[in-house]
Amino acid sequence: MKIENRLEEIGIELPPPVKPVANYVTTVQTGNLVFTSGHGPVNMSGELEKGQLGTDMTIEEGYQSARLVGLGLISTLKDTLGDLDRIKRVIKVVGFVNSTPDFLDHPKVVNGVSDLFVEVFGDKGKHARSAVGMVQLPGGIPVEVEVIVEIED
Amino acid sequence: MKIENRLEEIGIELPPPVKPVANYVTTVQTGNLVFTSGHGPVNMSGELEKGQLGTDMTIEEGYQSARLVGLGLISTLKDTLGDLDRIKRVIKVVGFVNSTPDFLDHPKVVNGVSDLFVEVFGDKGKHARSAVGMVQLPGGIPVEVEVIVEIED
Amino acid sequence: MKIENRLEEIGIELPPPVKPVANYVTTVQTGNLVFTSGHGPVNMSGELEKGQLGTDMTIEEGYQSARLVGLGLISTLKDTLGDLDRIKRVIKVVGFVNSTPDFLDHPKVVNGVSDLFVEVFGDKGKHARSAVGMVQLPGGIPVEVEVIVEIED
């Protein structure tokens, strides 16, 4: 089944792809690898979610926010590649979690992205991953995620 | 000399390879590059070390903890590659150090990984590296490290 | 126009390339990708700038510091590649910003690197980018940046 159909089947609507506001771009391809910029959680209205784990956001809210970041990344990749079926494998995910010094559950937050990728791409969505705690993130977003994907030749 | 023999010669015993508990994997290969997930310090009993630089852990303890992370990464790579001699070069190391706002010696901590890689792999172990300070890390570990290695064709 | 001439034209003088003081190197090449170590802001006298966004450094000062990191990265790449015209594309930039929990403008700081790369390399300098907030950085530097560049075959 095509990834586009899979998205429809599981009722996923992608947010519009983001546009950088400075001298960088959302993706760069080298060989058959595509590197993305760090993405934040942008809702369907194009607004960035804000929050911090350990202060005003629960793990479940952080998980949903990370899932939203994942949807944005898929949207960006669709915009770049034209067809999501060109993705051969999600190689690497780094999840930066905006959190307090006493918050320890960064992986449970970043699972929001990881679960989405496996839900959408199946085994091709299984990636190497790092999850880490940040003192703060741009604009006060709770999660920033960057990925590397491999595309078909 | 084979890397396995080198490990024996310098008296290094590898901890068991870790198993991810979510929708990600410990390594992904693309072309002749292998990306690892972020690893923490797992001792021979399979338990994660906890601590933070600047509060309850000295630089030397952090160094040893980073070395332990390195042993875990080598264990994971052996599990993935079968033979550690397939490693042509350690390309990149990112060392995330769990530390307080007034701790400045992240490189001295991450040296625990860097020194180990050169001890074990010789010139092939010399890598590009970033060392940075994190407000906190998953489960309260003191160091998380991710690597990229190049393998023989 | 050659990049060296472009640097001269816009009046840019590169600082001397840094030398690592431990078991790592400033760059590693794999295939046609070059990964750099994380670089800090080194001035023409070879001294590291110190500071933190949100305490003793303004956004504009942070921007200039990030630009200085970019100059050091270009210096390192020139030292490694011999000729900067071998750079086909700047692929990825990660900007780690030393900042307080209430500082939100990490992208405005990292723009110092991004703007420099586009100023010097033109469209080849447009990269994917992540900008994140760190509780502290090695030696108290305000910005650390690592890059991946693709070189000509």
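As written, the chain order gives the labels A, B and C, with residue 1 at the start of each chain.
Please note the rule applied: contacts are C-beta pairs under 8 Å (C-beta built on N, C-alpha and C of every residue); 3 or more make two chains touch, one makes a residue touch a chain.
As the structure is a computational prediction, the values presented were derived from the model and not from experiment.
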Inset, instruction - State the superposition rotation angle between the two copies chain A and chain C, fitting on C-alpha atoms only and giving a multiple of 5 degrees from 0 to 180. - result: 120
Inset, instruction - Over half of interface residue numbers shared between chain B and chain C means same, under half means different, so which is it? - result: different
Legend entry - Interchain centroid distance [CA atoms averaged], chain B/chain C, Å: 25
Legend entry - Contacts with two or more other chains, residues of chain C listed in rising order: 31, 94, 134-135
Inset, instruction - Mind listing the chain B positions that touch chain C in their complex? - result: 31-33, 89-94, 99-107, 111, 114-115, 117-118, 125-135, 148, 150
Legend entry - Residues of chain C touching chain B in the complex: 20, 22-28, 30-31, 35-38, 94, 96, 98, 134-140, 144, 146
